[in-house]
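So that you can tell them apart, the chains are marked A, B, C and D in the order they are listed, and the count of residues begins at 1 in each.
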Amino acid sequence: MMLSLLVFLPVFFALVVAIWPQKSTVRHLALGFSIIEFLVSLLMLQKFDSNSAALQMVEKVSWIDRFGISYFMGIDGISLMLVMLTTFLTPIIILGSWKSIDQRVKGFHSALFILQTAMLGSFLAMDAILFYVFWELSLVPMYFIVGIWGGSRRIYATVKFFIYTMAGSVLMLLAIIFMMNLTPEVTGGVMSASLLDFYKLEIPFISGDFFTTQTMLFFAFALAFAIKVPMFPLHTWLPDAHVEAPTPGSVVLAGVMLKMGTYCFLRWVIPLFPEATEHYGWIFIAAGVIGIVYGALVAMVQPDVKKLVAYSSVSHMGYIIVGLFTMNAYGLNGGLYQMLNHGISTGALFLLIGMIYERTHSREISKYGGLASALPIFTIIFVIVTMSSIAVPLTNGFIGEFLILLGSFQYSPAVAAVSVSGVVLGAAYMLWMVKRVFFGPKGQLVLESEKDAHHALHDLSAREIVVMAPLLLMIFWMGLFPNHFMDYSKVSVDYLIKNKMNYSFPTGAEQAHTEEK
Amino acid sequence: MNSAITIGLSDILLISPMIALFVFSLIPLTIKVLRGNREQNPAASMIEALIGLALSAALLIVFSGNGGATAFNGQLAFDGLTLWIGLISIIIGGGAIVMMYENPATRGAQFSELLFLTLNSLLGALILISAVNLITVFIGLELMSLSLYLMIAMSHEQKISKEAAIKYFVLGSFASAIFLYGVSFIYGSTGTVSTLDLMKNAELLLKNGNHLFLFGFAFIVLGFCFKVSIAPFHAWTPDVYQGAPTPVTSFMATSIKAASFAAFLRIIASKGLIGSDNLFLILQWFAVITMTVGNVAALIQNNFKRTLAYSSIAHSGYVLVGVIASGVSENSAYGASSVVFYLLTYSLMTMGAFAILSMIEKDENNFVQTDDLAGFAKNRPVLALCMTVFLLSLAGLPPALGFFGKLYLFSAAVNEGLLWLALWGVINSVLGAYYYLRPIVVMYMKDGDCNTSPQSNYATAVVVVISALLIIGLGVASGPLFNMIEKSLG
Amino acid sequence: MPSTSFLTDISINHYLILSAILFSIGMAGVLLRRNIIVLFMSIELMLNAVNISFVTFSHYFDKVDGQVMVFFVMTIAAAEAAVGLALAVSIFKRFKEVNIRFFEHLKG
Amino acid sequence: MSHQMLIAILLLSPLVGFILNGVRFRSSNYLLAGSIATGAVAVSFACAIALFMQLVGLPPEQRRLTVSFFEWISVGSFKVNAGFVVDQISAIMILIITGVGSLIHLFSIGYMHHDKGVTKYFAYLNFFLFNMLILVLGDSLLTMFVGWEGVGLCSYLLIGFWFNDSAKAAAGMKAFITNRIGDAAFIIGMFILFMTFGTLNMHELNGLAPTIMESSWLGAVTLGTLMLFIGATGKSAQIPLYVWLPDAMAGPTPVSALIHAATMVTAGVYMIVRLNPLFVVAPNTMMVIAIVGAATAVLAATIGLTQTDIKKVLAYSTVSQLGYMFLAVGVGAFGAGMFHLMTHAFFKALMFLGSGSVIHAMHEEQDIRKMGGLKKYLPITHFTFVLGWLAIIGMPPFAGFFSKDEILWFAYSSPRGHILLWIAGAIGATLTAFYMTRLMALTFWGSSRVDKSVHPHESPLVMTIPLMVLGLLSVIGGWVGIPHVISEFVGHIPNFWEHWLEPLITKLPEASQVAHSATEEWALMGVSVSLASISALAAFIMYTKKAGAADKVANAFGPVYKLVDNKYYVDEAYFGVIINPLVSASRDLWHYVDVNVIDKATYKITDLVRGGGSFVRSLQNGNMQQYAMYVVLGVVIALSYMLVG
C-alpha cells in the first residue's frame, strides 16, 4: 500500500485544496500536505532494501484484465531517488511560490499536487498502460501551470510544450499497443501490459536493417523520451516553456519532469530493446554530445537569464543522455546521479531567478549589473548554486558530471574529449552571466530601485532563505557523501548492466545468487 | 421467408422499447392537443419524454439483456450490439432532450412537437440498430432522418437552421436513394435483402467479381458512410451541425451517429466479407482521409460548434478504423466491442461538450466563437473543468475515457495488423490535441466574461457534470465495462 | 452495334437500363438543377428508378417480396416528399427564394 | 597527537575560520576577522610543523603519514577515498602554504583594514587555504582535483573581490575559465590513467608506473601525463594558458602574493613532482614540459620588461619563474623544481607583499612611472624588497641563486636537458635581472615622480613583520639545498633538500650515460651570474642615472617594443580568434539552428496542416450540389477501385 499511498495522497490533497473554503490559508495547507507527502516518502525510503535489485513494495491488481493491463507499481533503486527528488522538491516549490502565485491559488496548488501524482506514478508504474496514463496525465497540470500563471507568451509556450510532448508520446502509445499484442508469445496466449512480460519478450532484431520490429519500437519509445528530456534537436520547446512558466513551473519542469524522460530511457528503452540500444546507442550519444556543446554555446549568448538556464538544462541533460547510453557502471550511475543534481541545482537556479524577478520584474541580463552589493545573501546563494551547476568539486554536480565523463571515456575517448568541453563552456556561460548580473557597476535595474523607495531591493527574506536552505544542504551533502545516495541505486544499476541483454527484475532467490557471485 | 409468419408475445416484448418510445412520444403532443394547442409546462413535457426513454431503456435491458434474441422471424436482432448501442442512443438522447428543454433555440412554442420528433427519431434509430433486413434498415434510417430534418428546421428564428435542414434533407435523400439502389442490386444478385442470408454467399460473389453485387454492396456501404460522415461523404456534416440548434446537433452527433455506426458495423462485421480486400482497403483509405480531413479542418475553425462538427468527422474516422478491424478477420468480438466502446466514449464526451455550448448560447441567433469562451473558467469553474475533461477526453488523454476508447480501438487495429491505420490515428490525435486545447486556452488563460446564459440551466448542468464524472469514472473502470460489452457481443 | 433483337426482345436488361437511366437523370438533376422543388422531384425520380429495379428483379426471381419492398419505398418516398415540401415552404418563408444557390450561408 | 588528528585539524582549521568569518560576512571588524583567519592558519601551521617533525622522526623510507576519512566515491571499480597523505613532498608544501599563508594573513590585517568587505576577504582567504591543503595532501588525483578546482574557485572569488569594477570581475572570470580549460584536460588525463592503471591513487600510480620508457606519443602514459600537464599549464600559468595570471592582479595584493605567487600557481609543478615516476617514463611529455617551461620563462620575462604596473611586472615575473620550475621538472630535476618552488614562494611572496606595502603607501597607485625615490619613505619595505630582488635575480648566496642555478645546471646537464634549454634559461635570467632592477629603480630609487597629493608612509608593523620574516627566508631559504660543487668548496655542507626528497624522486634511467665535470658547472654558474649582474647593472644605470635612455632603447626597437609592450597581442589574438568567433558563432547557432531551422521546421509542419485545413475549407463552400458531387465522386472512385484493383 505504501506506493499507492505515496502516489495517490497528492490527489486527495488536491481535492482538499480545491474545496478548501479559506483562501488565506490555502498555501499553508498545501505546504503542510507536501511535507506530509515528503515524510511518507521518507518512510518508504526507510523500508526500502538497498541491497536488492529486485522490484520492491510491489502492488499488482488486475485492472483491465481483457488486455492484461494491471495496476502494477513497484520501486527499485533506479526509481527510488527520483521519487525522493519529487517529494523533496514539492514543499520547496510551494514555499518558493508563496508570493509569486497570487491568483487562483487553489487551482495552482491542486494542479501541483496532481502533477506530483502524475510524476510519481510515472516513476513507479510497472505496467505500460498505467505508466502511459501517468505520463500523459503529467502534461495536463503542467499545461495549466504554464498557461495560466505564466508570462506574456505563455499560451504559445504551453501549447508548444503540450504538442511536442504529446507528439512524441503517441508513437510510444502505439509501440506499447504493439508490444501488448506481442506478449501472448511469452504469457501463454494472454495479452499483458506488464513491464515484466515486456522484458521477457524477445523482439526480433536484425542488425543493419532499420525496419525491424525492435528498431522501430526502440525509436518509437526513444522519441517520446527524447522529446521529454529534451534531447537535441528536439529541445526547442524547453526554452520557451521555461521562460514563460512561472517559477514553480520551471522548477518542476527542470527538476522532475525532464527526469521522467531520462529515467524512462533507463527503465524502458535500454532493457526492452538491448540490441537496438547497442546498435543505435551511438545516435543518442552523439545527440547528447551535441546537446552538451550546443546547449552550452547557445546558453552563452542568451539575453534572458531564464532562457540561459533553460539552455543550460539542454546541456546538462545531454550529459545524462550520454551517461545512460554508455551503458557502463560509471555512465549509468553518473547519469542517474546527475538527474538528481540537475533537479536540485537547476531547480535552485530557477527559484533564485524567480526571486529576483519578483523584485525587479525583469530577466534581461543587460539590465542587471551590480546586484551583488545590493543583495549580498542572494548573491552568495546564487554563486553557490552556480558552482553546483558548473560542477565544482564538493558540490553534487561534480560527482555526476565526472562519472558521466568517465563512463563516456570508457565508451569512447573521443566522446569524452568532446563532452569535456562542456566543463569549460559551462563555466563560461554561467560565470559570464554571474558577472553581468551580479558584478560590475550598478545596472539599470539596481539604479532604478535605488531611486524608487517603494521598489527598493530587499535581500532574501527568511522564507526565501528557508526555501534555499535544503537545496544548499543537498548540494553539499550530495557532493561530499555521494555514497549516501548512490548506495540505494548501485545494486539495481549493476544488475541492469550485468543483465542488460536479457534484463528482468531479479526475484529474491536470484538476487541472493548474484550476490554470492 | 416462406415459412409461416408467426408473431408471438416474445416479438412484442422484444420491440417493447420501441413501442414505449412511440407511445411516450405521443404523450406531450396529445396533452398539447387536449389543452387546445397550448404548450403545457415544458418541464412536464421533458419529464414525460425522459420517463419514456427510461422505460424504453429498461425494457431494452430486461428483454434483450440476455442477447441473441431475434424478433419477427429474424428481421430484428436484439443482440449485444442492439442492446449497447440502443442504450447509448437512448441515454445520450436523454441528455439531448434535457438540453432542448433549456436551450433558447428549442425551448419555444413547439417543444412538444420537438419531443415527438426526437423520440420518433430515436425509434427509427432503434429500428436501424436492430434491423437485419436491408429494407428494415432503410425504414429505420428514413424514420430517423425524416424526424431529424424537421427537428433541425424547427428553430424558428434561425435562417441557417432552415438552410441546414434543406441541405441535410437533399443530401440525405440523395444518399438514401443511392443506398436503396444498392439494396435493389443486392436483391437482384442474391435474391434476398436479409443481411444474414446474403452474407452466406457474399464471399463467393465478391470473389467472382459479380458486378451487380459489388455495385450494390458498394452503394450500401457508401450510404452508411454518408450517414456517419466519412469523407468524402462528410461535406454535409459541418454545415448541418452548425446550422442546427445545438441540442439537435448534439443528438445528431451522438445518438444518431452511434445508431448509424451500429448498422454499419452489423453489415461490415458479418463474417461474409473477410477476404474482400479491396473493400477494406478502400475503407481504410476513407478512414485515413476522414481522420485527416476532420482534424485539419477543425484546426482552423473559429466557430466552436463547427470545430466540434469537424472533430466529430475525425472521430468517425477513428471509429471506422475499429469497424474495419472488426471486419477483416474472424477474430472474436474484439474489434466490434472496441467500436461500441468508442461510440459510448465519443457520445458521452461530445454530448458534454455540446451541452456546455448549449448553456453558453444566449439566444437562438447566438454563434459561439471559440474566442468567446474567454473568462469562462473564472465565471463557471466547475463547468469549465467539465469542459476541460470533455476536451481532453476527446483529445485522447488519459485517464479520461477517451484515451481508453482510443486504446482499445487502436489495439484492435494493431491486433488485426492494421498498424498503419493505428499510426495514422495516433498522429491525428496529436492534430486533434491542438484544437481541443484551444478552447481550454481561451477559457482559462484569456480574460473575458463568458458565462452561461442567464436563464436557468440547472438540468443541463446536471447532465454535464454527470457526463464528466462518468468520463473520469468509467475511464478508471473501463476494463469491466469493456468486458461486459465484449461478452454480450461475442 | 446493338443487334436488332435489342430493340425487339425486351429482356430484364432493358428494365435495368431504364432504371439506371432514370436514376442517372435523377442524379444529374440533383447535381445540376437549382430550383429546390426540381431537386425534390429529381430525388423522387431516383427512388422511382429504384422501384423499377426492384420490380424487375422481383419479376426475374419470380418472387413477390421485391414488389412488397416497392410499397415500402413508395411510402417512404411519400413521407419524404411531405417533409421536403414542408421544408421548402419553411425555407421559402425565410429566404423568399427557391434557388438553392442562395442557401450558402453555411460554409467554410 | 596522532597524525590523523593533526591532518584533520590542519585541514579543518581554515575551514572553520572560513565558516566563522563567512557567516558574519557583513561585519567590517577587520581585527576580529583577521584574528580568526590568521589564528586558523597559525593553527594549521602548527599542525604542519608537528607533522613535519613526526615525519623527520621516521626512517626515510617510511616517511608517509596517511589518513582516510571516508569513502568518497565508489562506483564499480572506481573508488576514491577522502584520503590524505603527508610525505616528504606534501610536508614541504604544507609548511610553505601555512607558513607563508599565515604571514600573508597577518599582512592582510593591515592591508585590508579599511576595506568594507574585510571579513569576506578573510573568509575567502581561509577557504583558499583549505582547498590548497586538500590539493597538496590529497592522496589521489581526484582528491587533488578537488583542491585544484577549489583553489581556482577561491582565486575567482578573490580576483573579483572588488566586483563592482567590471574589469576586476572579468579578470576573475577569465582566471576561472582559463583554468577550466586546463581542468578539462586534467580530467581527461585522470581518465587515461585510470583506464590504464585502474586507480587514481597517486601512491599506487607511482608504484604501477611502467619501467620501460614510452617512446610513442600516443602511449597511455604519455597522453595521460600530457593531459595532466595541460591541466598544469592552466593552473600554473604556462603557455598557452598563462593569460589569466597578469589579469589576476586585479585582486587584493596579498592575494596575489599568496595565491598567484606562492602557492596555487605552483600546484602544477607540485603535481608533476608528485607523479614523477609516471612522467619519467614519458620522455615526450617531459620534453614538452621542458620546452613549454623554457619558452614561458623567456616570453614572460620579455613582457615583464615593458610593464609599468608594479604588480603586472611581478605577475609576469611569476609566470617566468614558473616556467623555470617546469623547465626543471621537464628535464627531470624534480628536486630542483620543488626547490625553486619553495624559494620562489619566499621571495615572490615577499615582493608582492612589498608591492602591496608600496601600493598601500601610494594610496592604491600601481603605476611605477608615478613612483620613484620611495626608498626614503618606506625604509623597511625597501630593504626587504632589495632582499627579494637579489634573490630573484639569482645573486649568491640568496635563495634564488641556489634554486635557479640548480635548474640551469640540470637544463644543461640532465640527459633530458639541452644546451638550448640552458640558453633559454640564461636569457630568462638575464631579462629577469633587467626588469626586476628596472622595477626597483623606478619604484624605490632615483628621483621621486610621486604625485603631490600623495604622501607615502611606511606601513604598520603588522605589515612589515611579514616582510621581514620573508626577507630573512629569501636570504637563507636556499641554504638547505646547496649544490655539491659549492658545498665541496666551502666544506661539505650537506644538501638537506636532496636527501629529504630522494625516496620519492625517480632517477632518470639514462642518467649514468653522460658525465659532467664540476668545471662545467662552475663555468655555467659564472656565466649566468655575470649575465644577470651585467643586465641588472645596465638596468640600474638606464633607469636611475640616464633619464631618457629607456625611451631611446624603446624607440630603437620600435615595432618589437610595441609588440612586447602589447604582450605579443596574445589576449587580442585569443579574443579575436577564439572567443569572439565562438560567441558570434553561438549567436548564429541560436538564430539559425534553433530559431530558423528547428522551430521553422515545426512551423512548416503547422503551416502544412493549416494549409490542408484551408484546402478542406475551400472545398466546403456551402453549395449542396457540390457536396452531392463529392458523394458521387466518392462512389465512382470507390467503385472503380473495387472493379479494377
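The working rule: a contact is a pair of C-beta atoms (placed from the backbone, for glycine too) under 8 Å apart; a residue touches a chain by one contact, two chains touch by 3 or more.
Predicted, not measured: the structure shown is a model, and the values here were computed from it.
Engineer: Between A-D and C-D, which chain pair is linked by more C-beta pairs in contact?
Structural biologist: A-D
Engineer: State which chain is most central when centres are taken as means of Cα atoms.
Structural biologist: If one averages C-alpha positions chain by chain, the most central is A.
Engineer: Using Cα averages as centroids, what's the distance between subunit A and subunit C in whole Å?
Structural biologist: 66
Engineer: List the centre-to-centre spacing of subunit A and subunit D in whole Å, with centres computed as mean CA coordinates.
Structural biologist: Each chain's C-alpha centroid was found; their separation is 38 Å.
Engineer: Let me have the rounded angstrom distance from the C-alpha centre of subunit C over to the C-alpha centre of subunit D, please.
Structural biologist: Measuring from centre to centre gives 99 Å for this pair.
Engineer: Indicate the whole-number Å distance between the mean C-alpha point of subunit B and the mean C-alpha point of subunit D.
Structural biologist: About 79 Å, centre to centre.
Engineer: Using the touch rule from the top of the page, what residues of subunit D touch 2 or more other chains?
Structural biologist: Residues 617, 620, 622, 624, 628 of subunit D each touch two or more of the other chains.
Engineer: Residues touching two or more other chains, restricted to subunit B: which are they?
Structural biologist: Counting only residues that touch two or more other chains, subunit B contributes 166-167, 170, 174, 178, 238-239.
Engineer: If a residue has to touch 2 or more other chains to count, which residues of subunit C qualify?
Structural biologist: 27, 30, 100, 103-108
Engineer: Considering every pair of chains, which are in touch?
Structural biologist: Pairs of chains that touch one another: A-B, A-D, B-C, B-D, C-D.
Engineer: Looking at the complex, which residues from subunit C come into contact with subunit D?
Structural biologist: Spelled out, the residues of subunit C in touch with subunit D are 27, 30-32, 100-101, 103-108.
Engineer: Which residues of subunit B touch subunit A once you look at their complex with the stated criterion?
Structural biologist: On the subunit B side, the touching residues are 392, 397-399, 403-404, 407-408, 410-411, 414-415, 419, 422-423, 426-427, 429-430, 433-434, 437, 440-441, 444-446, 478-479, 482-483, 486.
Engineer: Any idea which subunit C residues touch subunit B in the complex?
Structural biologist: Going through subunit C, the ones touching subunit B are 16, 19, 23, 26-27, 30, 36, 39-40, 43, 46-47, 49-50, 53-54, 56-58, 60-61, 63, 65-66, 69, 72-73, 76, 79-80, 83-84, 86-88, 90-91, 94-95, 100, 103-108.
Engineer: Of all residues in subunit B, which touch subunit D in the complex?
Structural biologist: My answer: residues 166-167, 170-171, 174-175, 178, 209, 211, 214-215, 218-219, 222, 225-226, 232-233, 235-236, 238-239, 278-279, 281-282, 286, 292-293, 296-300, 431.
Engineer: Taking the complex as given, what residues does subunit D use to touch subunit B?
Structural biologist: 609-610, 612-614, 616-617, 619-620, 622, 624, 626-628, 630-631, 633-635, 638-639, 641-643, 645
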